[in-house]
Amino acid sequence: MRKLRVPPVATQRIAVGFMWILTTITFAVLVFILAFILTHGLPHVTWTFLTQSPTSMGREGGIFPIILGTLLVAGLAVLVAAPTGVATAVYLSEYTREGRLTSVIRFGADCLSGVPSIIFGLFGFVFFAITLRMGLSVLSGSLTLALMVLPTIIRTSEEAIRAVPTSYREVSLGLGGTRWQTVFYVVLRSALPGISTGIVLSLGRSISETAAVMLTAGSALRLPHSLFDSSRTLALHFYLLSREGISMPNAYATASVLIIAILALNVLAYALMRRFAVKAAR
Amino acid sequence: MKTSTTTIRAQGFTASFDGQPAVKSLDLEILPNERLAIIGPARSGKTTFLRSLNRLNDLSPGFAHTGKILRDGKDIYDADVDVAELRRKVGMVYATPVPLPWSIYDNLAYGLRLAGIRDRARLDERMEAALGYAFLWNEVKDRLREPASILSGGQQQRLCIARVLMLEPEVLILDEPCSGLDPISTAKIEDALVALKEKHSIVLVTNNTKQAARASDRTAFFLLGALIEVGPTAQVFTRPTQKQTNDYLMGQFG
Amino acid sequence: MDRRAPSATGRDGEPVSVAGGDALPIMVNAKSIFQSWVVILGLVLICDGCGRTSGRSVSLLGSTSIQPFAEMLAERYGKDHPGEFVEVQGGGSTAGLQAAEKGLATIGMCSRSLTAKESLLFTPILIARDGLAIVVNPKNPVASISIEQLRALFAGRVTNWNEVGGKDGPVRPITREEGSGTRESFVRLIMSGERISGRALTQESNGAVKELVKGDPAAIGYMSLGLVGKELKAVPVDGIEPTVKNVQAGRYNLVRPLLFVTKGSVNPAAQKFIDFVLSPEGQRLLATEGLVRIR
Amino acid sequence: MKRDKVIGAILLVVALSAISGLALITVFIFREGVPIILRVGAKQFFLSTDWEPSLGHFGILSMMVGSLFVTVGAAVIGVVFSLGLAIVLTQFSPPWLSATLKPVIELLAGIPSVVYGFVGVVTLVPLIRHSLGGPGLSVLAASIVLGVMVLPTITSIAIDALQAVPKSYLEGSMALGATRWQTVTMVLLRAARSGLVAAVILGMGRAIGETMAVIMVAGNALDVPHGLLDPVRTLTSNIALEMGYASGDHRQALFATGVTLFVIITLLNTAALAVSRQRAGRRRAQ
């Protein structure tokens, strides 16, 4: 019996049809997730919700101390990790020759950027909170997050720096520029889009972190008065509210605030990338 | 622009990369306001010699040298030499134009800003002169704010020349500046070189014998890292003293 | 093609004023980024200094059974004593002991009696007693369960509800993580030596157990009696209703102590809070919330 | 010139402190984790399913199997959907559509994992419980949630891999009369195979590292799951559940679990790097 041979054009139509089904399902699911959270949450995101303190474990009241706590923990983490990471990337690509040491460091950074955040959480809890007696505090949380995002910032910055053509460096040196002037005015200036995108995305990751801050920054609901006070981040607050059924409306609202912040950061990163790229290319 | 008074002399200068010699015990002199053309086949050490004059070879790993390059009697490889100052006085133009990804104005002003000069009036005045010498002023005078990338290949190379001229170098070294350019742009650059003669010594690496004949007083012939022959351009091109020069030139014409 | 090199002096047309931005626009804001970074870091450190001096805060950490009640007391205490701050965090009883021992919290919260070793290390302060409620989904018709049946259910020996008076269907026991005081009391009061089934779903707080039982008709879990609320059905054990009265009267004997635990000397601020919790008003608040007062 | 030297020195100090900070983590984890493995015995630690810290039994086999089930499940879902998405966006969709959808995918990679976990608990778990039976908190639920979560990561890397294939390959095949779909299957996928494999491996790396979302939807039961509908506890959720109260040997056992994860993920990364470098050597040499 002649094997039934489906003409290629027919297979193309079937296959492409199937592919489009997969695509629509994927986007349907992803859009559903966002819509599900935002439709339930946005009505509850009122000015008072954003500016008041929570009462009875977050059942009522707002999330102001939690928003501030998140900005402190994630902000301080990036404030520490960004300059350190960029400086390290500059040193590795501009001040040392390619050798076994630099490739080992690069491999190490690659591995650490893949390590799950719970391991940083465990390390931060035992090392910062207990051994260094920083306790459950903004400081332990931000240092843990800083170490978590540091490898990513080093790698993205280094990629951006290495993308700058070596001829630019020669021109700058040829015009009597010192090494640092060349790095600062030519290399970093051209690499700024890549570097700043990496930093903004690291901030996004720090804000949406739960496992790493659970037992480093802790889960106190009150406004932190010093770096040694514990403070709960938005993602953790959402986790605890939803998991323990404390208050679903507030959980949805907290998630909505978190999602909006993350989307804004990603849009900022995207805009940074395009604005600098367009300016440089023009 | 003041006239150039610098003499540069290579004395027994040998340069090597990871042990591979690229230039062997060169003895060559560049007199003030002289235009020296360097010709020779690929990998004959022309570029290595050029990049040793302003120590850009220091950037390449594995670079080592023996012998001296004297600038007004002082070896430029001495420890106490201010390399930045050296590179400002020995300005280099590359084979392919490399405008920095900024505006024309920022490209031109960069050299002086590095040297700490930020006074706009001085920058503008120096810029107009430099662009004039590079025969680019009329084409860009009211577009200085636009990015350098909008210029054509020839214009970009003249921008690079102007960028070096901003620093009022004493020696101008050009590594086959017209290799990628169309005849019209090449002619413009040659005109610029002719005009620059009074102000600078010029070292021009080229394999375009017509360009060498037109834009140089003396010509040196490099082969496999060695200086085979150097003499007045007319004499080298018509009655070379060394057989290899003649073979090379015949090859060139044959 | 302009072949004439312009003389340095002569200029055709009006003087060209080149309106240029400052020297190196992008470089300037790169510098300002660096300066702002230093300023922010300085600010944060300064505010750290000033924060520490304003009233030592008292931090509690531990049992998720005690956490909601401690939070309520902390809020009331905060109103009555402005400037005194009391923070409450969960994590489970043994985590509370860990925190108290390592100085992560001023007071550890523990919803089980201390082991011999632990009582050497810590000074326990009994603040109330709490019943251990066996909870099922409201739709579950089961009327009462004996201790032996409970042990069989949680050990995985009985796996169908119809064997204990419920509708036919699989039984899904829910347990707590090992560090939980509620679990420890459950194991001591009910399991007496037998291990809880490895198939039991593990949740890390009373709230999570409550949410899960609320959603799964076949689920059975255990939690603090004070937190059961109206959405779950607390099952009578051996026919005795799990109510505060029965616990006080000693008829419902699945009871455990709720302890505040401190290590070494207690700082005055913490002592003031503990005194408040043990005061008649504190005890009254705990009783109204469903706990058994001890004073 | 002196200022230049000073700045060079500062950069060196900062670089050294950053690198030593990262080295510190690795050394700390191994120093805390490895001794317990040796004390308990590697065979006991890795091949026993008896995890009872209070009695000193530290066997993580059931959790390793749990992590494996969930990661493979997530990879299967992730691959099918992200490959379809990548092919459609690079080959079959109008340029304006793919230009708008690609950034949306990158945005979705930024969504916190607890959001995926929560939506899973509220919608997926009851659905599985009613329609398929079992507690709902299961390997299936965890695989789906993680699959959806790693999908944006795999898709964007897969798109890069597909776009890296030189256009001339595709035109050559089409010039021979092949339909676009035949070109995709016979030319495009084969040429980009290494990039796609790397994308899947990196996706698995991210899935195995997820913690909170898994705790919410997997049920965290200690026994080895016998089917898709059984509850499961992964390596990461075990650490998260117990690190608050673990002390002494128990805490070291959690660090040992961390070491295991660290090694697994390093192997995954190296594999992904080797695979993508092996075929892409030519591309990167351009």
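Here the chain labels run A, B, C and D in written order, and each chain numbers its own residues starting at 1.
Operating definition for what follows: a residue touches a chain if its C-beta (ideal position, glycine included) is under 8 Å from a C-beta of that chain, and two chains touch if they have at least 3 such contacts.
Small disclaimer: the values here were computed from a predicted structure and weren't measured.
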Two chains joined by the most C-beta pairs in contact, as defined above: A-D
From chain D, the most remote chain by mean C-alpha position: B
Centre-most chain, if every chain is reduced to its averaged C-alpha atoms: A
Interchain centroid distance [CA atoms averaged], chain B/chain C, Å: 73
For chain A paired with chain C, centre-to-centre distance based on mean C-alpha positions, whole Å: 27
Inter-chain centre distance, chain A versus chain B - centres from mean C-alpha coordinates, in Å: 48
For chain B, residues that touch 2 or more chains besides their own: 84
Residues of chain C touching at least two other chains: 24, 91
Residue numbers of chain A (touch at least two other chains): 83, 178, 181, 185, 215, 243
Chain A-facing residues of chain C, complex: 24, 26-27, 30, 34, 37, 40-41, 44-45, 47-52, 54, 57, 59, 61, 64, 67-68, 71-72, 75, 85, 87-91, 99, 102-105, 205-208, 210-211, 214
Of all residues in chain A, those that touch chain D in their complex: 8-9, 11-12, 15-16, 18-20, 22-23, 25-27, 29-30, 32-34, 36-37, 83-85, 87-88, 90-92, 95, 105, 108-112, 114-123, 125-127, 147, 150-151, 154, 178-181, 201, 204-205, 207-211, 214-215, 235, 238-239, 242-243, 251, 255, 258-259, 262-263, 265-267, 270
Contact footprint of chain A on chain D as seen in their complex: 1, 3-4, 7-8, 10-12, 14-15, 17-19, 21-23, 25-26, 28-29, 32, 80-82, 84-85, 87-89, 92-93, 101, 103-104, 106-108, 110-119, 121-123, 148, 151-152, 178-182, 202, 205-206, 208-212, 216, 236, 239-240, 243-244, 251, 254-255, 258, 261-262, 265-266, 268-269, 273
Contact footprint of chain A on chain B as seen in their complex: 54, 56, 59, 61, 84-85, 87-88, 91-92, 94, 96, 98, 100-101, 110-111, 114-115, 147, 149, 160, 163-164, 167
Sites on chain A touched by chain B in the complex: 97, 165, 167-178, 181, 185-186, 190, 280-282
